[in-house]
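These notes are about the structure you will find just below.
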Amino acid sequence: MPDSSSLPTYRVGVLGASGYSGRELCALVTGHPQLSLAFATAHTQRGTTLRVRASGAVHDIPLIGPEEADLAGVDLVFAALPHGASAEWVGKVIAAGARVVDLSSDLRPGHGGTTHALPDGVPADAPYGLPELFRAPLHGARVVANPGCYATSVLVALAPLAKAGLIAPGATVNIAAASGISGAGASPKLEYLFAEVTENYRAYGVGNAHRHLFEMRDTLSHLGADCDLLFTPHLLPVDRGILSTITVPLTRPLADPLEPFRTAFANEPFVELTTGLPALADVQHRNVVRIGAVSPTGMRQPTLLVFSAIDNLVKGAAGQAVQNANLMLGLPETAGLQR
Amino acid sequence: MPDSSSLPTYRVGVLGASGYSGRELCALVTGHPQLSLAFATAHTQRGTTLRVRASGAVHDIPLIGPEEADLAGVDLVFAALPHGASAEWVGKVIAAGARVVDLSSDLRPGHGGTTHALPDGVPADAPYGLPELFRAPLHGARVVANPGCYATSVLVALAPLAKAGLIAPGATVNIAAASGISGAGASPKLEYLFAEVTENYRAYGVGNAHRHLFEMRDTLSHLGADCDLLFTPHLLPVDRGILSTITVPLTRPLADPLEPFRTAFANEPFVELTTGLPALADVQHRNVVRIGAVSPTGMRQPTLLVFSAIDNLVKGAAGQAVQNANLMLGLPETAGLQR
Amino acid sequence: MPDSSSLPTYRVGVLGASGYSGRELCALVTGHPQLSLAFATAHTQRGTTLRVRASGAVHDIPLIGPEEADLAGVDLVFAALPHGASAEWVGKVIAAGARVVDLSSDLRPGHGGTTHALPDGVPADAPYGLPELFRAPLHGARVVANPGCYATSVLVALAPLAKAGLIAPGATVNIAAASGISGAGASPKLEYLFAEVTENYRAYGVGNAHRHLFEMRDTLSHLGADCDLLFTPHLLPVDRGILSTITVPLTRPLADPLEPFRTAFANEPFVELTTGLPALADVQHRNVVRIGAVSPTGMRQPTLLVFSAIDNLVKGAAGQAVQNANLMLGLPETAGLQR
Amino acid sequence: MPDSSSLPTYRVGVLGASGYSGRELCALVTGHPQLSLAFATAHTQRGTTLRVRASGAVHDIPLIGPEEADLAGVDLVFAALPHGASAEWVGKVIAAGARVVDLSSDLRPGHGGTTHALPDGVPADAPYGLPELFRAPLHGARVVANPGCYATSVLVALAPLAKAGLIAPGATVNIAAASGISGAGASPKLEYLFAEVTENYRAYGVGNAHRHLFEMRDTLSHLGADCDLLFTPHLLPVDRGILSTITVPLTRPLADPLEPFRTAFANEPFVELTTGLPALADVQHRNVVRIGAVSPTGMRQPTLLVFSAIDNLVKGAAGQAVQNANLMLGLPETAGLQR
């Protein structure tokens, strides 16, 4: 183990630190051996402090207003702002000369289904920060669009099948996904109060109405799959985690259901394959996608069931953002992510 | 409101009262205006009492050993015994001259996938107690096979589509279902301890391996549907409730996604249709199936998304068993079920 | 059972129906055989409907603005408004000629620790609606102050000891209470989001800072106890229920720890004594106080440990309000409360 | 940061690895820079593997039967066996020449209230492994009795007051504590099933009947306090964490309620003081005691309210055991505990 005190370190800032992704970013940066947190902003909670846990200790981080942030004084900014509001700040960061990882849907493929024009200087084709699928353009990149949480769990599971031509053309890939409630963010709404969520479970955003569907479709199409997606998210009485249960009509039966994943992810530090079934408890607080696969019996159509679990705040947001930042800054890809 | 003191009442017993379905049966019978609880049995907990809540009060019911039960002294027995062990007791009840509702899979269509011979005197073709689909043979019946919880939620949702010829022939109907943990029963196993379940979520019995699949397949085939089922159950950190998210490839698009259900269930007291999405909180502690339906956008194949929610212990087990008993004994079908 | 269709019924209204107590009131009134719901108001949610469950069915109740409520057209109003805002509306109801049960702290003994003047016409000495302790003045009353949830659980447990002179003079009665989160109301705040509450537990309002302390102190003093109270509430990751764990220094040892409660509550329909320990699951959704008591070993000071459990929304709020309304209107005290 | 590959490492074993404390020990040892896990035993689960998470990865640890463990081949053994069964194994470890940390109550002060004779060779006066109170005898010790979880949370909170002579002589110190359910262990019992625990809360072991009371009493007496303890534990619907709410009658009022703790714990790495109130979420998965204190108003008797939060499996069991092992083996006290 090298002496970390001699390693180069980079100054980073977090825009939108009071949300759940922003909090997680502050914790990860605080515990990262080569990043230091220069500022953390919050709009309504400015002037208060944010408590995060890192390296076995509790840290109280001061929150400043976003317009007080010294964008020119940092090497990289994580923008964890609401969809629609983020692109403007990405433009400011670019203008100030810093790199930026944008956690909103504004720069992603499909742009979250919106057609708003991007501000001047903000690229419409920022690399999509899913290193396991598209690593090359991330090395040294100045702007990266961090994927959505559902999209991460689904695309890592489907990409090996798409690339191998295993998805039956014209068929429907069915995705029934369930997410912990931190995915809904930290804005106080009646429907997310404890008393509304405990002992409850329901679908939402059904009928292909969820924002993440756009980046899934664009990315799968880019990978050569010609299929329809039917994406149905559900809300779990759980803090963190997403499990996507994916049904894939195949072009041919698979003798070993995990084989495409073994081939595709042989050396990936953040993909785990299991011959069992992934559970949320396996992935919470870790930067991994955990995948299981089963060939169901009694089907006329060759079909693969794929289960993909992530922590929506880590591999689904802040952890992946740090992974991208590592690649952008030339650091080891796993730095600060193996706590 | 008639004076209930002048109504005929029937004596009933519960075999297997210490399980979650058995407990719920004891509560429902205690609160039922025309049933009285003659005995409740439990194997290992005999000699203790069971606390149930009914009619605003707490009742402590003595548990006796099953061999102490006076089967000949009651009008009807609810058998809430483990799969495999139930058929033998059904035979004893029949021999003693009482009616019986069997909550196990032993007498159901498909027999839970097992091929065990039934004991002498136990009919292989007992009516399947899903009144909303097959009410006629239940009136006055002496033996009824009470459906599985998942099967109830799925079949009530699919039957109107199957009868109307709306399910695309040869297609796969995909069922992603999630159940509260009481569905796993009250036997103490490590995997159902609070610390293992809270903040967790996972699939189980995947690849078409779940017992309830057999009665779903048999029943749908009987209703004229020629489709494959892919059934994937999941375990929720919730006490009660099942939500089935069902994807149905259609023979033609539906202008009004709820129309088939309105037609089929116009006068059903225990089916609720919603133009929104059913949640577990809508159905807990109630004997209803609550159904919503949506036509997803962006699909080449006409497709219907159906959501079906029940309380697994009420409409999925004990409530439906009382509904069946009401029909068998000539009582109003809703008696004791509108608390 | 009398034919309920021939019973007299009274029209009632609910002010503040969108809060958790207000919702519960709407459900209880809807299921009550002799009350009918004339209106339900909500400030910000006016124009929407409120879903409640009563008598085995789901009801959607329209919410109107408070200024649209026909106060003169009803026999009784339940005011479930925020502390401080309620007294004004109580005055309007009185002026309109209807009876009123006020669920806020504005009219209670100690007035929640505030010294605001009450509006003209609002009595400063409204009867305190804890029927088990002070039933006589509630019969036919026109204005009643409904007790706080914590105060109900504590005072029902302490009153028999105070009246019997069993509380050691000058001593400290220690109350460690824990409440489900619905006690905090339905206003969306970050600290009550599911992700903040699940798997967490903490004290709040400590050091004798909680509003309910005032009515406890005033009432105990009125009952002849000369003791200090130390009241420490905690927040549970639970929807409903309060358990108060109360340590009482005694003037003399008690041979039978339940004896004072048996004497005091011999004929109370809504007090349950247990030789075991009351749990939240015993009382949820029921209008009862459930009490257990234990004499601890190894103590120089004779001491009684009392455990008191209620549902904070039922016996701690809406159920007790209906119990009070029954007494005010001359109905059976238990009407509508034994579901 | 020194290069950990050149640090001395010690081989350790875990007896009773399938319980929750044993699992946590295996995780901590796996992630410890100077300990290596030589064996992990389990009685009924022998032959299976145990999944633990450490250093950002998932590890599957083989479980062997206890009689297969090579006690002579390790430097130190953690005995995480049931109370009563542990002392015999401690004797075997001592005979084999290894050091041992015993997590049962068998060797603790008060011996858990039992009077069983200890096996030959097992010392009746093993040092009590609460380093913040009694560090000196732990350096280089060969046998250490690891404290109970409740005792840790209570004694760290009371010791500074006892040592400073602040606890009023002859008074009652009231402790209302609440624990997550992992404190009850991983043995499958009906009462710990998810469906029994969720949305519930209750006291247990009341009236001074809990095993941990003995070590609290003995230790406080040893520290010079002459008080009675009244200890009432409660069961939370939470996986991990203990919050003890402690009421202490004082000899004199305290101007600054935290002052005794600041003095006593100035340089303790594992004690945190807060001017707010400690919550379970502050301490979960961390080896700390977090303490807050408040002087309540309106009391004739000078009184201090102390709140003490720990993770019952870390500072309350496995983390403290590793802390003790570090002291026994001459390692840095914090090694492996600041993840």
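Each chain carries a letter (A, B, C and D) given by its place in the written order, and its residues are counted from 1.
Methods note: contacts are C-beta pairs under 8 Å (C-beta built on N, C-alpha and C of every residue); 3 or more make two chains touch, one makes a residue touch a chain.
Predicted model only: the values in this text are computed from it and were never measured.
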Steps in the shortest chain-to-chain touch route ending at chain D and beginning at chain A: 1
Pair exhibiting more inter-chain C-beta contacts, B-C or A-C: A-C
Centre-to-centre distance between chain B and chain A (centres being mean Cα positions), rounded to whole Å: 40
Cα-centroid distance, chain A relative to chain C, in whole angstrom: 46
Distance from chain C to chain B - Cα centre to Cα centre, in angstrom: 37
Sites on chain C at which at least two other chains make contact: 180, 196, 198-199, 237-240
Chain D-facing residues of chain C, complex: 170, 172, 174, 176, 178, 180, 196, 199-204, 206-209, 228-230, 232, 234, 236-241, 243, 245, 247, 249, 277-281, 284, 294-301, 303, 305, 307
Chain A to chain D touching residues, read off their complex: 1-5, 51, 53, 55-58, 198-199, 272, 282, 286-287, 337-339
Of chain C, residues touching chain A in the complex: 20, 180-182, 186, 188-190, 192-199, 237-240
